[in-house]
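Take a look at the structures listed below.
Two complexes are shown next, each including subunit A; its partner changes from subunit B in the first to subunit C in the second.
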Partner chain A sequence: MTLTSRTERADALLASRVRVPDDVVYRSFGHESVVLSLAEGKYHSVNATGGRTLEILDQVGSVSRTATLLADEYGRELSEVEDDLIEFCELLVDRRLLIVEPA
Partner chain B sequence: MSTRIDAVRKVALASEILGLYARVRRHVRRGDIRDVVASIRSRPARRTQSFETGSAEAWPTAARLARAVTRTLGALPTETRCLAQSVVLLWLLSRRGIPSTLVIGAQTSPEFEAHAWIEHAGRPLLSPGSFADGRLVEI
Partner chain C sequence: MTVSGAYGFRLSGLEDCAWLGVNRAAHWPEISCRRDSRPGAPEVSLEPAGTPGGLRLRVRSDVAHSELVHPLLGRVASHLALAHGFDGMHAGAVAGSDGAWAVIGPKCAGKSTLLASLNDAGVPIVTDDVLVFRDGVAMAGPRCIDLRPGTQRFGLGVAVRPGDPRNRIALPPVAAEHPLAGLIHLEWSSGDPTMEALDHRDAIGRLLILRNDRGYPRDPRALLDLAALPNVLLKRPRSMSRLDAATAEVERLVSESREESAGAARFLCGSSTA
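Moving on, here comes the complex of A and B:
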């Protein structure tokens, strides 16, 4: 068994195209963003960084490209941002706030 | 005589509002609010001629219906949520051929709250409260 820094699932997610579902709307309120799933009638709250991340994911549709843009914007190491972004995307996918497009 | 006719009309409207409220409560639990609104709008209006958005004739009628919804549902002993009230009003307006928009807004301070209201021609028929600047979606 080989230990690797990232799981295959995480690597696959990083290489994925994603989109915000049509039934999800979001808006920044400065220090936090509100995300509303119209299909489920559920509200979610994310901090300002999470809101900005969701906005970029929605605009560019690529997880790896989003990581690059966020690393530039926040002046952080790309690998660090990728790890955080993968975790955030998994959370969004679990809550049906983000869809991973079939390859 | 006209007072009696007015009273009969008010009772009929209150009865229509309560009937719609019972149906709306079932509908809004089922899923996507956009589907609920689309389903209501797809039903034919009772009037053959629809009002123009923002027409001089539409606004007073819409405002009267909004007051009736607030008054009737406000008198219920149970909590009538803003979303259900809004959908009831949207349904009443749709039946009379008056276009309207369901707006859902939120605010995050001092604590998270969401609110729904109805607008006609960009003017609120139900109160947006302090949520006017926090519009999330218009349906």
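Moving on, here comes the complex of A and C:
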């Protein structure tokens, strides 16, 4: 039951449009990226892959398209990338660094 | 060629050009200034000019030129700058071999005194109180520094205005634009002057505090860009007797070329993963 629920949530997220909120900015600082939330008054660090992922999410606005681009870029299986990306997106959403647009 | 200007704008229509000379600023947009004799007029105000995006600066008739140059021009500079796509912050700046180093600190952090000392040492002063920048390029400010009593070693200067204990010293003209090379954050301490590199997280924290207090830099992306530059912390005692040592620290920093000096590598931001 739990597995089914997670898969449904994951599928829904994969099919979603997302955007970075207007009050969130990010920038690469070498081997890490800083994501700054002005509304929260907090900044977060992500590694280089996380920074690149956020950049693509921001540019294309589609989780599934981002997964495809990342799989190509890093030479990994799409299903693996999707699992990682869903987890990363959930983390960003929890911290209000990413917004899932209504379908 | 020296023209009257400051903060990224040429100023025309002023009856006096004192403290406003900058070099190589012919490309700066022009702001026309005119006196405002209307009863109850504000000290300074901005209004649209004839050209799209153009602005005119109205200066109340009884406002002295010295007062317009500082602090009034500084107060409107940020608004002027935003209207032209610039950003700004409460900071001074000095010119070094790699460009301008912003000098940042809260009120009474000794910014102006340190800048006056650097001017005495021959370091070009880009601006004293307000730093306007765009795309990583700093714009020169007015050619003066207002100093509190107790700083006579920099010369008597002229009185800022009747009843104001501060004295104004003049600065030589400077190039209009300087690429931003780094930021110097000021703190008081009890020991000898020390300078240490700040990592980008520390720099972001300090710039966020500045932004929360003053509202600038307005663009948060600019804030991150500033944090990506070399940021250093200069700690020094309040005593004027240690001012020369602090000045020497800054002189050494800004005269170093990051590309040519391996020693400057300590000012590059460190990196880490979270």
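Keep this in mind: the second predicted complex is superposed on the first by the 97 of 103 C-alpha atoms of A that agree within 3 Å, B and C clash if a C-alpha of one lies under 4 Å from a C-alpha of the other, contacts with A are read in each partner's own complex, and residues count from 1 in each chain.
Simple rule for what comes next: contacts are C-beta pairs under 8 Å (C-beta built on N, C-alpha and C of every residue); 3 or more make two chains touch, one makes a residue touch a chain.
Please read these numbers as outputs of a predicted model, since none were measured by experiment.
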Putting subunit B and subunit C on the same copy of subunit A, do they fit or clash?
-> clash
May I ask you to decide whether A:15 touches subunit B, subunit C, both, or neither, giving the answer as first, second, both or neither?
-> neither
Does subunit B (first) or subunit C (second) touch A:34, or do both, or does neither?
-> both
Who does A:46 touch here: subunit B (first), subunit C (second), both, or neither?
-> second
In the superposed model, identify the part of subunit C that clashes with subunit B, out of 152-160, 170-178 or 206-214.
-> 206-214
Name the residues of subunit A shared by its contacts with subunit B and its contacts with subunit C.
-> 23, 25-27, 29, 31-32, 34, 36, 38, 41, 43, 45
Subunit A residues touching subunit C - in the complex, by the definition given at the top = 23, 25-27, 29-32, 34, 36, 38, 41, 43-48
Contacting residues of subunit C [partner subunit A, same complex] = 200-201, 204-205, 208, 212, 220-221, 223-225, 227-228, 269, 271-274
The answer for subunit B against subunit A in the complex is residues 28, 31-34, 104, 106-109, 112, 114, 134-137
Interfacial residue positions of subunit A with respect to subunit B in the complex = 23, 25-27, 29, 31-32, 34, 36, 38-41, 43, 45
